[in-house]
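Here chain A shows up in two complexes: once beside chain B, once beside chain C.
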Partner chain A sequence: MSFRLKLMLPLLAVFTASVGYPLLYAFYLSLTNYKITARYNTRLVGLKQYIATLQDPNYWNALQVTGTFVLLAVFIEFWLGLFIALALQKQKRIRNFTRSFLLTPMFVTPIAIGLMFRFLLNQQLGVIPTFMAKFGLSYDFFGPGKALYSIVLIDVWQWTPFMVLLLLAGLEGLSRSPFEAAKVDGASAFFTFRKITLPLLVPVISVAVLIRALDAMKVFEYVFAITRGGPAIQTMTIQYYTYQTGIQFYRLGLASAMSYLLLIIVMVIVVILFRRIESTRKNP
Partner chain B sequence: MRKLNNVAKLAAISAAVAVVLAGCSSSSEETATDTGAAAGAASGTVRVLMEGVPDTDIVSGLLADFNAEYPDVKVEIETASYDQMRDKYVASFTAAEPTYDLAILDNPWVGDFAKAGFVQPLDDLIAASDGYDYADFTAPLRAIGESDGKVYGVPFYNYALGLIYRSDLVTAEPASLDELAATAKSLTTADRAGIAMQPQKGYKAFEEWGNYLFAAGGSLYTDGKVKLTTPEAKKALETYIAMYKSSAPKDSLNWGFDDALRSVSSDKSAMMVSYNWMLPTLNNPDGDSGALAGKFKLGTMPGGKQVLGSWHWAIPTNSNASDAAWAFVSWISSKAGEAKRVTAGGAPTRTSVFSDAAATAKDPAYFATIAKILSNAEPLCQGANCDEMINAVGTELNAAFAGEKSVDDALAAAEEQANKIQAE
Partner chain C sequence: MTTLNSTRLKPTWTLAGNSLLILMALSVFLPFFWLSLGSFKTGAQLNNPALLLFKPTLENWKEVLRSGVLESAYRSATVGLVTVSLSVVIGSMGAYAISRYKTGGSSTRFGILAAQVLPPAVLVFPFLEVSYKFRLNDTLFAVIISHLSFVLPVITWFLIGFFDAAPKEVEEQALVDGLSRFQAFRKVVIPQVAPGIGAAAVFGFVLSWNDLFYALILAPGNSATLPVKIASFNTFRGVELGAMCAAILVAVIPVLIVSFFIQKRLVRGISGGAVKY
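For the complex of A and B:
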């Protein structure tokens, strides 16, 4: 055995135990009718759980809700984060304080954020509706057709700083010479941003968007703390639906199949994104 | 050969570590008796997980009295929020080495846990306990703890619902669903809602609406099947939606128990359908109600029937201290234990406690209402897959509240799903 392989062995052992085993066991469960409260009647059922999942309209609804949430949240977080990062790059005074302050929401656990906004946005007792009422404004934050967007905004509040952090690091790592050349040539600020800043930032943007999108797909806490998937099933995200099926309703076999199908979907998206990033890197 | 030796050594070390760990993980050290719990005979450590609510604090406060009679039984209470409890219990029930020797079960869990073999029948222990008088528990509460003719849980405390209202605003308790709607509407002002409702998707929606169904003269089950496509169910749902629109706090579609309680205690709503034991909390002069303390009253739902919830004591099949656990359960839920618990502020479960002058001295009228409530109350679910069934019905109801589905469609879908889930 080569020395390099021996050095990798501890990592491989830990990886196999902590990731490989649960993945394989979940795959096994997805091929069974395993239910926690009927453990002794467990038997192999082939692809039945996968077929049931694919035929379940609530699963597709949850995928759609999650997709909408991810697209909207990441889109807003990216552009808002980029705007703030550009502003912070130009900042001259109290830079460290501003940056630390802006990062604060990231340090709070999402379940606490969910509970906090549940009461902040409470129409009768919440600070925000009370403040809005002073200007004659009223908005049903968790009403039909609106709850998902309110949850997107909560996510934006908490995770835009993450985008700021990555994009600011990317901006500060860019070479100054193209910008100086553009200035000498008399390029406008917008032209410089569009033709130099954005293209140079693409690798950082790709990674930031990918990480944030994968993280946003796990949205669970806000739904759990605020809406429980409602009104009706308008905020039923895939993680909450899988949790309900597997943990709340004990159907671990079915929940495992749901998770595996999600894993396949995510893997396909990630592979496509990585290929695009790679091709952009080779042919800018 | 050298590789084989290494593998053998590794296996031997692993086996030794496993033996040591197994030895360390046995935290209970029970000296078990066979059955029953003669005073002082049982011994051991009883670990139990309980919800962080006033009734748990009351039980904790009685442990010294229990240990005066059972000095060799140590009860260790761990508290958690409701959302954590079931998962922790299931993990313990399915583990080779349990985390808990005693459990409290919410009523939707009893049927599933009994069928899964997670908890043991208590019939023999009850029969062997002289003077326990199991029949003294109110009939609806007894029924919740039973499955397939066996007793798997004995009542700990009830959380039957009732109508909580401001006595300075409501002059006469509504006698019908229409009267409730009319009262709520008449109490609604610009600054105060007539009734704080809890239409949150899932459990809360079904739990609250269930009371409206009973008030409309309906029932959940007919011939063992969920039946919601009835005129009574339609009337209940239409009334609920009308009341939500006219008399509930604005934009409160995601409201649950906490939100309604805050609204009522802060003078933002005049009534709510809630757990009967919330009354002492609302009337506590040192509580959140402030100057409103003392102005709240409890009534039965119009028509007299309401949704019943309850917690039951149960002994896990894999408990390391079954006898010690039963010693504690049979003490705390005995007639004398119940009297002590209720005197300390706990929610009653036994019929006899209502005629105990000392236990009910604080507010006889309140206890008289609870007696009425417990005599005519029904849980949301009977049988298997209750959590799933309750959630499915609660989701359909919430869709109707939100205007996403018509009343007829929501009730038909709820009925179909409930029966499908319970048949599995």
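For the complex of A and C:
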């Protein structure tokens, strides 16, 4: 056996056991009527679970809720993150401390962040609604029509630092010469930003947005900690809906079909975006 | 360090930038601060969220310690350490083979990247079903296997980047000097990328330590990890609210301390690996 194969073998084995096998097994499960409560009546039912999923209005609702959540959260995180990264780059004093401090939210377990904001934003006991009440404002953060936006807000709080991290690394990796040329030509800061910084940063931006969007699609903890999908089904994200179907309603077959459909959607998005990133790289 | 010191900024821009940073620092600090206050308040004091000065109580912290939070933190640390150790050993060997010998070509790289994109909901039900079969449900073993599914690809991905960047000459010299290829790998190549391995290991540990989804489904009971335990404090009965604050802080504090000390290196590791993708 060759040297490189010996090095690869453990990786292949563990990868097969922890990713490959479950992936195939999930596909098999999605073709059965498996229920945890009726394990011995399991049989193959073909594509029935997929058809049931596609006909389920709640599944489409979950896709829509997740889509709205991802678009809003990533949009805000990107712009806010970009401005913070720019400000950090120009900062002169206490740089390292500020950077470390601003990045802390992304290292904390999301369930703790979810519970923390549930506490801070609670209408009776939360400090933020209490202060707002002093100014005569009444706002129920987790009420109908508002809960999803509050979940977005929490995601922005926790994950903007991730954007900052990648964008800052990108900014500091840019070559100096175009900026020096711009300075010689007397270009304004805003002009330099729009015509030089942003275009040069496009590869980093696309990677950062892609990674963040794919991660945001998995949102689960905030919903689990705070709304459990409510009010009604307004914050029922795809990951939470699948969890509910599989774990609370015991329908592993159906839940597997749901997650496999999601996987297909995610893969299509990734391949399209990946190609686009590759092509901008080749002809900038 | 700064690449842009050459472009002079108008004072208004500088002021706007610094104000933004101060605002952001406050928005990071205040939630944690209020949580800490809450963890020292009695049930009655918690009914008045704006209360700043009060006689602190340690009851909440005592209750949290009694509830077994430390045991679950210990379980989380065990899961994280085992997952990361396995991933670093297996991942560094694999990453080296992929980086130096182009094993499997670009499809191996794509496979490892794609594994990080998989929705956890796809993999979790098979894990649950198999752990039922082998009577491993509610054990740390099941959690570790599931955590390997996302920690191993991330660590391997980081390490491929580090090996790609490491110079080849030293290693070739070592082979000329009579070391076997495995010795050269272990004694020459690994030390070169050690800082990178450290960053990747810490990052992988944080991912494992923070995971709720897999742990909640695979080990919800006696083997609850820290996030699962924290989730069980989710209550809005006034008396238990203080305990919830304390429990959240138990999860937050170690990560804050660790992230503060290793952040500089970590930042380099993450950004080096991710930006190049």
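Criterion: the second predicted complex is superposed on the first by the 278 of 284 C-alpha atoms of A that agree within 3 Å, B and C clash if a C-alpha of one lies under 4 Å from a C-alpha of the other, contacts with A are read in each partner's own complex, and residues count from 1 in each chain.
Everything below uses one rule, namely that a residue touches a chain if its C-beta (ideal position, glycine included) is under 8 Å from a C-beta of that chain, and two chains touch if they have at least 3 such contacts.
The structure presented is a predicted model; accordingly, all values stated were derived computationally and were not measured.
Of the two partner chains, chain C is the only one that A:Ala189 touches; chain B does not reach it. Looking at the shared chain after the overlay, A:Gly67 reaches neither chain B nor chain C. Once the two complexes are laid over each other on the shared chain, residue contacts for A:Asn122 go to chain B and to chain C alike.
In the superposed model, A:Ile247 makes contact with both chain B and chain C. With both structures placed on the common chain, the touch criterion links A:Phe83 to chain C but leaves chain B unconnected.
Of the two partner chains placed by superposition, A:Pro178 touches none, neither chain B nor chain C.
In the superposition on chain A, contact is made by A:Val108 with chain C only, not with chain B.
Of the two partners chain B and chain C, it is C that touches the larger number of chain A residues. Residues 118, 122, 124-125, 224, 247 of chain A contact both chain B in one complex and chain C in the other. By the touch rule above, chain A contacts chain B in their complex via residues 36-40, 118, 122-125, 129, 138, 140-144, 147, 224, 226-234, 244, 247-250. Note for the complex: chain C touches chain A at residues 1-4, 6-10, 13-14, 16-18, 20-21, 24-25, 27-29, 31, 34-35, 38, 46-47, 49-50, 86, 89-91, 93-94, 96-98, 100-101, 103-104, 114-115, 117-130, 145-146, 148-149, 152-153, 156, 181-182, 185, 206, 209-213, 216-217, 226-227, 230-231, 233-234, 236, 238, 241, 244-245, 248, 251-252, 255-256, 258-260, 263-264, 267, 270-272, 274-275, 277. Every residue of chain A that touches chain C in the complex is listed here, in rising order: 3-5, 7-8, 10-12, 14-15, 17-19, 21-23, 25-26, 29, 34, 83-84, 86-91, 96, 98-105, 107-112, 115-120, 122, 124-127, 130-131, 157, 165-166, 168-176, 179-180, 182-183, 189, 192, 204, 207-208, 211, 214, 217-218, 220-221, 224-225, 238-239, 242-243, 246-247, 252, 255-256, 258-260, 262-263, 266-267, 270.
Touching chain A in their complex are the following residues of chain B: 83, 87, 90, 94, 112-113, 115-118, 193, 200-202, 249-254, 259, 262-263, 266, 268-269, 385, 387-388, 391, 395, 398-399, 401-405.
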